[in-house]
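As written, the chain order gives the labels A, B, C, D, E, F, G, H, I and J, with residue 1 at the start of each chain.
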Amino acid sequence: MEFLVAMEVNVPHDVPADRQQRLRDAEAQRAQELAHEGVLVRLWRTPGRRANWGLWRAEDATELHAAIASLPLFPYLDVHVTPLAQHPNDPAIVATSDS
Amino acid sequence: MEFLVAMEVNVPHDVPADRQQRLRDAEAQRAQELAHEGVLVRLWRTPGRRANWGLWRAEDATELHAAIASLPLFPYLDVHVTPLAQHPNDPAIVATSDS
Amino acid sequence: MEFLVAMEVNVPHDVPADRQQRLRDAEAQRAQELAHEGVLVRLWRTPGRRANWGLWRAEDATELHAAIASLPLFPYLDVHVTPLAQHPNDPAIVATSDS
Amino acid sequence: MEFLVAMEVNVPHDVPADRQQRLRDAEAQRAQELAHEGVLVRLWRTPGRRANWGLWRAEDATELHAAIASLPLFPYLDVHVTPLAQHPNDPAIVATSDS
Amino acid sequence: MEFLVAMEVNVPHDVPADRQQRLRDAEAQRAQELAHEGVLVRLWRTPGRRANWGLWRAEDATELHAAIASLPLFPYLDVHVTPLAQHPNDPAIVATSDS
Amino acid sequence: MEFLVAMEVNVPHDVPADRQQRLRDAEAQRAQELAHEGVLVRLWRTPGRRANWGLWRAEDATELHAAIASLPLFPYLDVHVTPLAQHPNDPAIVATSDS
Amino acid sequence: MEFLVAMEVNVPHDVPADRQQRLRDAEAQRAQELAHEGVLVRLWRTPGRRANWGLWRAEDATELHAAIASLPLFPYLDVHVTPLAQHPNDPAIVATSDS
Amino acid sequence: MEFLVAMEVNVPHDVPADRQQRLRDAEAQRAQELAHEGVLVRLWRTPGRRANWGLWRAEDATELHAAIASLPLFPYLDVHVTPLAQHPNDPAIVATSDS
Amino acid sequence: MEFLVAMEVNVPHDVPADRQQRLRDAEAQRAQELAHEGVLVRLWRTPGRRANWGLWRAEDATELHAAIASLPLFPYLDVHVTPLAQHPNDPAIVATSDS
Amino acid sequence: MEFLVAMEVNVPHDVPADRQQRLRDAEAQRAQELAHEGVLVRLWRTPGRRANWGLWRAEDATELHAAIASLPLFPYLDVHVTPLAQHPNDPAIVATSDS
């Protein structure tokens, strides 16, 4: 099942710069792992904000929560999850059924 | 440039059933064309609603508007567009730069 | 997977009273079927409103949408779906794991 | 009477990790007691958030408030309560009246 | 248990004036009955609007819904219910416990 | 004139526990005085929150503000005031005019 | 007591143009009467909208409601009332107390 | 040109009481100057809040901003400005044109 | 003075297609006139919607309202106006003061 | 492509005054550079607030984000971006196509 996930990153200003950098490096590393596992499918930045939209794939909401909670920045994230159903006009489905 | 597009479909109840069906058929046809042109990339249904989320690709907002306005259901759509920027952790980018 | 589903029922005032009654009878019948299939788990009325909260169980959002769209009142419903993840303190889980 | 209760947990970042753990342990303990008393009926996690939805049962809003205020995390909770009325199509009621 | 109930009255403009008057007379009559039964405790008008705030008393949300749904204007009402718990500083309680 | 007043109490977490207790004691004392003066008519707790709904009576908004600002917790309150007009169906009025 | 009153005028499109004009004439006439009675103190147009902000003076919310409900356009108005308290820095008060 | 200006005053709790008093004294002084210059026309307190509504007069938004930014409490203000257009039924205009 | 103006166009579906076209032609004509008068400075379409953002220049809100109300589509517009003040970093100002 | 960008500036009160001044100087400098590059086209102040509206021009959202993130005040900004499409009635376009 796919989910649309919106995240705002709110690291407090008093977190030291080098710790912020380490968090961001670890975040990139974890995102790469989740991508390899097929959980994180796409990731976009919301322009002008420390925020992103992501397309995630998980068995259910429980597995999705575990994946999001595994992010090093999780304590600082404000996350909203939208469940997605298949649409008969989705190009990804149409392409498959055409072949 | 990619855009996240949320659409609500509000066909008035007094539109005859057969006209509603013709509109929906034409909509599926037009969606397929937009997919073949690479403009409509993904499409999901919002569960429980006559609504969808889509991932669209266009040169800019002007081209995107023209694509959305070409949908047969456009007069009945309530549309919100979110511009998307590239994220360095996007699996699609990472995969490309890894190879 | 479980979902929390909020529904508002907005049947237009000009739908004849007997058709409204037939719709409500068919709705009760379909709700009973969905309950027997284990899809509709609980249903509560929002006091003072033609609205309800329901606990639904489905494989994923696609199956959930099909169930909601099968309701006779679907054309008149305004539906919001909240995905639910398992909570370690859920009495239903604790009871099971205790035994 | 049943209530739908949405809770956000906002423990400040400067609360030491071990105190946070003790709070969470005490919370799980208290949740289990409330479950045994039949006050906490179901509990779900909102995916991606330190938040939950719960189905609670209490004599009235006064008794419900006492139960929620007895949670160790109460000083850090943002809580919204929705009162629930019986729905004639509720599977729990239909099942009972069918037998 | 007490409830705070906010109601907006939205009678469509095309309902004939005399039917509107009959509805309003029946509404006043029903309100008086609910007052005599101790269900409707206080009623205030929101200045400038066809809307009111009321203090209602009922066994639970199910009984409250039945009372509200018995209003002749119910098909045209937009209702929001707030559950109320006892407050230790409530003058009504303090007065009682003082005597 | 009567007013519906909603209050959220936001005492910062770093106010010492004993000072919080003294504030709450003084608040209860002041609430009792306002009740005796006929300014505070009813007070209810919003279940699950450090918040209350109150029915207040004052000559006008200026007198109401003075009463609210006299509360010891005033620096920590988030207050919203709704002005109330008499409703012809108010049981309190009907009872008086019936006698 | 003074009130800030925001009004939106929503005359349906199918009301004939000449009836709309008669309503607007009657509205101007009634506004002038309310001004002479000292109830309507100031009136401004919200630029770009069929809406206005007004400063009204009335004994209380009951008298204010009667004044607003006496407007010929009342059935088509969406009105929000804000109660106003005296401010010690109000030029109108300072001017008076200076003299 | 006239403007409706809503202000919330959010002085942090850790600003010492005597500095808060000096700020408030300076604010009253500056308000009086702006009144004498004809920029601040009326000022009301929102009951129950550290907030006010004001009627301001300035050449344009640039001059209005300079006036607001000259308030000693400006660093702690949350301000919303509504531009006002003349209304043909405004008593202030009608009175003038009648004479 | 400059204003940012957001407009939604809501022509009812039952307005005949040829009348809609005549309205749109008249709107384009009037927009061109307002541009020549220097009142309408820039105009953008909100992608996906029958809506636009415009930069307008007028003496004050009264003159702005007159300009907007002169649009043939005005009866069908939902308009929100934001007043703009000069910013010292505005390229248009900096460019002028540099020369 | 053009974008409408709304920015709120939230520099914490505990940032020393001289550092705030240096930030503001650097911000003005960077704004001037972005103007010279044709990225920042216009900038207005929201009256009464530490906030601005800007008209920006960039190849796409990715380039826009890079420009905004290059602002010295970026860590303290709350930014919302609105994508803009060309409107056939835009005076800038009409002027060009007329010549």
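Structure notes:
The definition used in the following text is that a contact is a pair of C-beta atoms (placed from the backbone, for glycine too) under 8 Å apart; a residue touches a chain by one contact, two chains touch by 3 or more.
In this text the structure is predicted, and so the values were computed from the model without any measurement.
Should one ask which of I-J and H-I has more C-beta pairs in contact, the pair is I-J. With centres set at the average Cα position, the gap from chain B to chain J is 29 Å.
Taking each chain's centre as the mean of its C-alpha atoms, chain F lies 45 Å from chain J. Centre to centre, using the average C-alpha position, chain C and chain F are separated by 39 Å. In chain J, the residues touching two or more other chains are 3, 45-47, 61-62, 64-65, 81, 83-86.
Chain pairs that touch, as defined above: A-B, A-C, A-D, A-J, B-C, B-I, B-J, C-D, C-E, D-E, D-F, E-F, E-G, F-G, F-H, G-H, G-I, H-I, H-J, I-J.
Of all residues in chain A, those touching chain C in their complex are 1, 3, 60-62, 64-65, 81, 83-86.
Within the complex formed with chain D, the residues of chain C that make contact are 2, 4, 27-28, 31-32, 35, 40-47, 52-53, 55, 82-92, 94-95.
In the complex of the two chains, the chain D residues touching chain F come out as 3, 5, 7, 12, 61-62, 64-65, 68, 75, 77-81.
Partner chain B is touched in their complex by these residues of chain I: 13, 45-49.
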